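See the structures that follow.
Both of the next two complexes hold chain A, though its partner changes from chain B to chain C.
What follows is the complex of A and B.
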């Protein structure tokens, strides 16, 4: 790995470690291997959003050309968000693509992602299904996002109705995550979900 | 801009986040203390390090020259901080003011606690650090991580007897400590020794408490005189053990020498005038002797007595008679020649030994005569004149009669003074 990338990541690491956010447990960062090429980030779901109370783990891969090219970031924790793929965790955020600037750091990236959770951009979606729900059935979107936060990120809100519907599909031999995904997509309409699954 | 916020944190008190978990193998850049973090005025936003050859953009941002060049080459021509368009020709100027300001800052080398005395500008220090003779190779850690630091320091070898000295591994502190604190260490040894002897005394006492003559109680032992005796005895034992070991080694070495001596042939001085000449690989030897009349082979030497005449024997083949071996006896110069009677007077017995049947061995005897020059005092190392038989033995006979088992011929020569 290029010398510049390593020394910068080391400095940034310390920056994050000393930042106010880490004291507030709002962002976290840790090493995955010794070569500083791969890191694991964690952001807390911002307050007053469906993600509140959840902890979202991120995979951060640092390219050799860092900081001249952005780090490759994706969500490891599953999340229901218009700009994040509910399947792969891929993120649609301009600063991680064309609008990256060398002056940005891991800390600013994590904070930007936190901001993205608080302010979705449904008109520039990564996950069309979620974006659609966000615009047309916002109540269902909030419910689903909270439910996913509870199921995958340790969020506080439980929805017995959702759980029982998932259980019904599980009883039919469907994998829990697949069941949750299809129900989320079909606005928790069990019949439609079943139809979709078995048609 | 979020950078300035972070800078203030950096200059503040170090947080209590366990940085030991960041342990990695390569630590050149990691020895820096908070003071090494640049002021945001002097920091390049790209490498987050001290501005090296700073340049100023038309939008008012400073970067290292090489960092900004790399950025502009890789990307569209925008400032990394505010996305304003930058033209390489018009919007970027060398910021010599900032360069001088940074050059005037003087910082200690981060390895100064280890003994590096360099004080230089941050840029120079960055260049110096990878080659600093005091740099730590093994792992990174911060100066505030005292616990980790302590473990990495060198402990005194006397630590087990409660010497609590620790030194920096890069320095010779430990060496100096070992030299200077000898009395302290001796005291510690004495204390530890007393402790051990006292401790080891306990079971002995309980064992012998049943015996009619109980040994002196520990209290008595603890009195100064006995203690001194025990100590003296102990030292004596150590010395004796050491000596015993030295002797063992010496005996071993002498044994080795002796074995070596036994392997060597007997000194010619004590051969008593007898040459036992084992000629190995006779066939190739004969071929060689036949090939050239000048080729000859000499036996090892013998003395008639420790202070007597010195002889050797010689084999060759005459070109005119290639089927017979010639055998001659030659006198040799020796340290005894000056006191011996000349010419040599005596009897020479030659015997070609048959390995299987003694009765077949060939015996010849020569008596010396004073007129034969071969028995006069030799003038060369080996007398040029020898005495013996031009036709000593027929080669085909040697082969047929079985003198030459395993291609080996044995000739015994006995020389006696008469």
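What follows is the complex of A and C.
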């Protein structure tokens, strides 16, 4: 069984390497070890989304039963998205769960994840906090997502206001990531974030 | 429980009697003599307890019947019946109306394929389906079949047209093999035999059987039973598949219900699909036939589910209030309730009080038992949100406390029965009466449990009831039942000093109150 998994992965690896997307630098894939059980993927943030300009790294683990069970994929790069956990990077996507089909490939997975970045589904959230912001305070969502893309994925937009607020919390001895997470959750209200941290 | 069963047997034989000798029934007095149990007893329920073999036979009969009518394979018939609650008529009707649409909704055929065959829709659909199932969808034969029927071949075929000897690439294992190693369903996605087999085994391992689908992305065409059973050779996996499939079949059949008893293999069958109590003849588990949960009359299935979820969610608060002890309202000594009756007598100061409201028992009287009714605060609309929230919690706690209290009393009364048994034993040993003389006490205890059970389930019902005259009536009847049950409980606990006639009278009253309440409010008859 494992043999089939390896031969499939080898072939899919080549497929990604030969694909058009790799020429356009929108997806990338590389090996982590020689056993072909773990790979590292990378997708570019789609244009006209808050993720534009960012590069998002993915951890791809291939199970023994691949391709009859889906690969286990999560974001290593931190990302602010309703269907992706802002804490663990876990992904809520149907094709990685029930709707996986044995004939799908790594390339389809990467392209589907890219499509997920472009079209979030806040009604089927992985991260309830982000989904709530996406629905109720969409402006704050766009700001936060762009800021996270800049901070973690090398995105182009900088937000001095956000950075200074994070710095304020850092001065109080808070870890930078924790400060960013709590401010993002509280719609960048410094007072509320402080209250939340110290109460 | 036993008396229930007897009643049922009796009524069964009655009916047989009626069927066979109808002319006996023409006499005028017969109607008076024989009350129809369906009308007299709101809980009357006819059902059978069947074994797995019985059910397999029953399902197979349905399958065969459909086979002969529609000339389709058993595997296809099973899928169609599964999708239509095992209703033969519906399947036949839909098949005759639009076989293609039926096969698409049953996920035998992919949607919007072969539109060109409108002329021969039913025949080709049947043939295509038959070929996928009987001939195991072997690539070559399936392809030939379809192209015979339609001269204007579909585009999907062009990719799969390959003679059996030409090698072909399997998109799953990425290996090239000869064409005859490939299988495909009606959707035309073909994969090699080994891949199908491993795929089936991984799916079965995850408990999936009748819902196994094609391996192609975005294709949800279903894999029928016979393809799975041809390719999966390992006996363990075959058995598992058949067990899981059987479960799916029973669950999709509205007239069948697995007995929820632990490790019980019995399946209960009834033509009346309602929330009535079925009691398994093997493990004696009683449950609601409709939802399979504990029997819950007069509350209906949705409400009891809502209530139980609510109770589970609020368990912390509920734990707090369901503390087992209360203080005596007079001398304030701490009392643990160790019997079922709510009429408490403080062992310290001999004060009689009600366990529920801690009020004096004398004021409870026999006329009206106030304690089961929740009094709404009439000014609620004017109060602040905070007060309203507190009021809502108070209301819930009121009903929850009573629900929980009866549930505990039921358990405590089991102990009462055990004590009763030892007491009777010693009496019999001392020569005062025989075992049979004291039997009535057990009957009384069983009836008490039955009444208390119903009473317990009236509280979720009342909680979700809209205010108004109907609720007033319900709570009045509930209070009456509550009062009679407490009387009965009190009398059973003091059986030696209670007159037999008095006790039997009390039993009769309590049971009457119970059936009256069920007749008026059991949702089936509303």
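FYI, the second predicted complex is superposed on the first by the 198 of 199 C-alpha atoms of A that agree within 3 Å, B and C clash if a C-alpha of one lies under 4 Å from a C-alpha of the other, contacts with A are read in each partner's own complex, and residues count from 1 in each chain.
What we mean here is this: contacts are C-beta pairs under 8 Å (C-beta built on N, C-alpha and C of every residue); 3 or more make two chains touch, one makes a residue touch a chain.
Here the structure is a predicted model, which is why all the values come from computation and not from measurement.
K.L.:
Could you check whether chain B and chain C clash or fit when both are placed on chain A?
P.N.:
clash
K.L.:
After superposition on the shared chain, which partner residues are touched by A:69: those of chain B (first), chain C (second), both, or neither?
P.N.:
So A:69 meets both chain B and chain C here.
K.L.:
Should A:139 be classified as contacting the first partner (chain B), the second (chain C), both, or neither?
P.N.:
Once the two structures are laid over each other on A, A:139 reaches no partner at all.
K.L.:
Where does A:101 make contact in the superposed view: on chain B (first), on chain C (second), on both, or on neither?
P.N.:
Both partners, chain B and chain C.
K.L.:
For A:34, is the partner it touches chain B (first), chain C (second), both, or none of the two (neither)?
P.N.:
first
K.L.:
Answer with first, second, both or neither: which of chain B and chain C does A:22 touch in the superposed model?
P.N.:
In the superposed model, A:22 contacts chain B only, not chain C.
K.L.:
First (chain B), second (chain C), both or neither: which does A:7 touch?
P.N.:
both
K.L.:
For the overlaid complexes, name the partner, chain B or chain C, with more touching residues on chain A.
P.N.:
Comparing touch counts on chain A for chain B and chain C gives B.
K.L.:
Have a look at where A:123 lands relative to chain B and chain C in the superposition and call it first, second, both or neither.
P.N.:
So A:123 meets neither chain B nor chain C here.
K.L.:
When the complexes are fitted on the C-alpha atoms of A, one of 40-48, 58-66, 130-138 or 238-246 in chain C overlaps chain B. Which is it?
P.N.:
The overlap with chain B comes from chain C residues 130-138.
K.L.:
Do chain B and chain C land on any of the same chain A residues, and which?
P.N.:
Correct list for chain A: 4, 7-8, 11, 65, 67-69, 101-104, 108.
K.L.:
Give the list of chain B residues in touch with chain A in this complex.
P.N.:
On the chain B side, the touching residues are 2-3, 6, 9-10, 14-15, 17, 19, 21-22, 24-26, 29-30, 45-49, 67, 70-71, 74-75, 78-81, 83.
K.L.:
For the complex, give me every residue of chain A touching chain B.
P.N.:
4, 6-8, 10-15, 17-20, 22-23, 30-31, 34, 36, 65, 67-69, 99, 101-105, 107-108, 111
K.L.:
For a test of understanding, state which residues of chain A touch chain C in their complex under the given definition.
P.N.:
That would be residues 1, 4, 7-8, 11, 65, 67-69, 95, 101-104, 108 of chain A.
K.L.:
Mind listing the chain C positions that touch chain A in their complex?
P.N.:
171-175, 189, 191, 195, 198-199, 202-203, 213-219
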